[in-house]
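This report concerns only the one structure given below.
Which chain is which? They are A, B, C, D, E and F, in the order written, and residues in each are numbered from 1.
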Amino acid sequence: MLHIVNKSPLERPSLDTVLQAGADGAILLIEDGVYAATRGNAVEDRLKKAMGTLKVYALGPDLDARGVADRLTEGVTVVGYDGFVDLVAEYKTNQSWL
Amino acid sequence: MLHIVNKSPLERPSLDTVLQAGADGAILLIEDGVYAATRGNAVEDRLKKAMGTLKVYALGPDLDARGVADRLTEGVTVVGYDGFVDLVAEYKTNQSWL
Amino acid sequence: MTTKKFMIVNRKAPYGTVYALESLEVVLIGAAFEQDVSLAFMDDGVYQLKKGHQTKGIGMKAFEKTYGALEDYDVTKLYVDQESMAARGLTPEDLCVPVEMMPRADLGKLMEDQDVVLSF
Amino acid sequence: MTTKKFMIVNRKAPYGTVYALESLEVVLIGAAFEQDVSLAFMDDGVYQLKKGHQTKGIGMKAFEKTYGALEDYDVTKLYVDQESMAARGLTPEDLCVPVEMMPRADLGKLMEDQDVVLSF
Amino acid sequence: MILSILVNEGPYTHQASDSAYQFAAAALAKGHEIFRVFFYHDGVNNGTRLTTPPQDDRNIVSRWSKLGEEHKLDLVVCVAAAQRRGIVDEGEARRNGKDATNLAPGFRISGLGQLIEAGIQSDRTVTFGD
Amino acid sequence: MILSILVNEGPYTHQASDSAYQFAAAALAKGHEIFRVFFYHDGVNNGTRLTTPPQDDRNIVSRWSKLGEEHKLDLVVCVAAAQRRGIVDEGEARRNGKDATNLAPGFRISGLGQLIEAGIQSDRTVTFGD
């Protein structure tokens, strides 16, 4: 399934909960959630470890807005709003971890 | 000074930030912040440790509403809204850690 | 009418925000539409089920008894995340209704099996 | 008019919520009232100062340049929490304006010295 | 594919409504159908026509109204949430004795059943909130 | 002692407005003076007279209006935040070409300077928000 995370990983437990609950499928980081996909963030190692089983996407416009597009963690795929729509279509179930 | 914390300690970093920034004075836990003052919560030890230098208060009506008044961590003083007002008056500066 | 699997995921404490209350309204309407509705409680959401809400002092209406009434609406699937309970020092005896405790990873698998997941 | 020490504490990331933008409006008005205004950036608030905001894709107005203009309003006290920067892999070179980095405990002491602390 | 969107936060304070709008626009551009956009919780505040955002900022409400008009979208504001927060159309004003209305063009007020129905009728439902 | 209160969230969604109200009532009961209650961010939504909460629930808006009337409180809604969110009095409606108003009795709309002034004139300023 598709897990949509819109919260900063240092501000809310959402991402950690997903990493522990999400067996496979994908995580899409949007809004303040994109900070999780930046190099040097305290969750970097946990996110990289999860990439063994979960695909990780980050929303490009949100990375750009926050000035962190050039700090993308290796292995994260950047998508636009159209890619966001494609991911929703691809996975039968999605959940926004508000 | 008086630090007012209205967020659950497992949901936001507010309390931990206060515990690291607050030299002395007092912490008043209100709203979802009162969960920090309950026995068995993962922050219990950190809160107790801080009590050496910081006084810790919790708002009674918020403890009652959440059904946790009987789980109060030892050393925490319960106040009502009138006690909240007194604490604000007592300390020259207060800050709400939103 | 088509029956779909709806899971309402509750991850926020009660009273500090309105989400717990307004998510219950979704549950009841989902049941009225005869959908296959389940509830998951994770992170601070497990606090919603802590028994003994006494809200007079904050001037709000307590909605604890609504959880007990869910059975009357044939809503019986209440899943609670074990890890979230442990981090808060809670046990099933602390809760106002009987629930099924499960490890976070199992709860995750259950989500995969849903048609619609609404998260509050 | 009386001059008081106002500290505006920013602890939230920009764009995900409006607080960063609306807190800047408070700063500017505080300066217009000739108050002794300082800004503290802690937790996700340090992200407000990350340089290179490109907001066209999300359809919002970037307000990065307002931080650079604060000096024109004699607002020059910008304090940044060292621990928050480190946890996010940020260094002063990543920020859009010069700031004073300080350990969390020192920032706490600075707060004690204020008359009014407004937190967003 | 048939999509529905749930918006749980109001305009400007959280990015939720912005993200939902961009998602909706992208989905429509790709040829997907949007069965319904449902506004719940503070999301109902997206449906007031009384906002006057700064000239150089986006107008979140009128942007929804316009997208709705162009694509015949069903923009539904939850009645119970709207009553708590003061979003009112003519019927609500009459029923509740209010002397003014503020619902924006293209929105309608209806029950929470519309959200469940959206979940049933759509291939995917996506939530935006805080 | 002279107190002022800053309310940053709207009614019902967050407890902020409830806590602020209880704090204000307790302060007044103790004989303190409240110089001003300032509503900022989504807090401006506390100032709409169009809410109709459930009969068995508290009415957050009218409760503020009533406390304001009883104690001659200065309940100020920030104009910039109000414009973004659609809180309108007659002057604002005229200036911005709106066909309705929704400001509740006892509230007034004014600038952010009123918040700074409150901070200056009060012995304590307390913030309630999310």
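Everything below uses one rule, namely that a residue touches a chain if its C-beta (ideal position, glycine included) is under 8 Å from a C-beta of that chain, and two chains touch if they have at least 3 such contacts.
Not measured: the values here are computed from a predicted model.
Q: Which chains contact both chain E and chain F?
A: Touching chain E and chain F alike, sorted by label: C, D.
Q: Where centres are the averaged C-alpha coordinates, which chain has the largest centre distance to chain A?
A: So the chain farthest away from chain A turns out to be F.
Q: Just the number, please: Cα centre separation of chain D and chain E in whole Å.
A: Computed from C-alpha means, the inter-chain centre distance equals 33 Å.
Q: Could you work out how far the Cα centre of chain D sits from that of chain F, in whole Å?
A: Those two chain centres are 25 Å apart.
Q: Show the residues in chain A shared as contacts by 2 or more other chains, in ascending order.
A: 6, 10-11, 13, 31-32, 61, 80, 94-96, 98
Q: Mind pulling the chain C residues that touch 2 or more other chains?
A: 15-18, 43, 58, 60, 115-116, 119-120
Q: If you look at chain E, which of its residues touch at least two other chains?
A: In chain E, the residues touching two or more other chains are 8, 12-13, 15, 19, 22, 41, 57, 80, 127, 129-130.
Q: Going by the touch rule stated at the top, which chains touch which?
A: Taking the chains two at a time, the touching pairs are A-B, A-C, A-D, A-E, B-C, B-D, B-F, C-E, C-F, D-E, D-F, E-F.
Q: Can you list the residues on chain B that touch chain D in the complex?
A: Against chain D, the touching part of chain B is residues 1, 13-14, 17, 20-23, 25, 92-98.
Q: Any idea which chain D residues touch chain F in the complex?
A: On the chain D side, the touching residues are 1-2, 4, 6, 18-19, 22, 25-26, 29-30, 32-33, 35, 115-116, 118-120.
Q: For a test of understanding, state which residues of chain A touch chain E in their complex under the given definition.
A: It comes out as residues 4, 6, 30-32, 61, 80-82, 84-86, 88-89, 94-96, 98.
Q: State the interface residues of chain E toward chain D in the complex, per the touch definition above.
A: Where chain E meets chain D, its residues are 12-15, 18-19, 21-22, 56-58, 130.
Q: Help me check something: in the complex, which residues belonging to chain C touch chain F?
A: 15-18, 58-61
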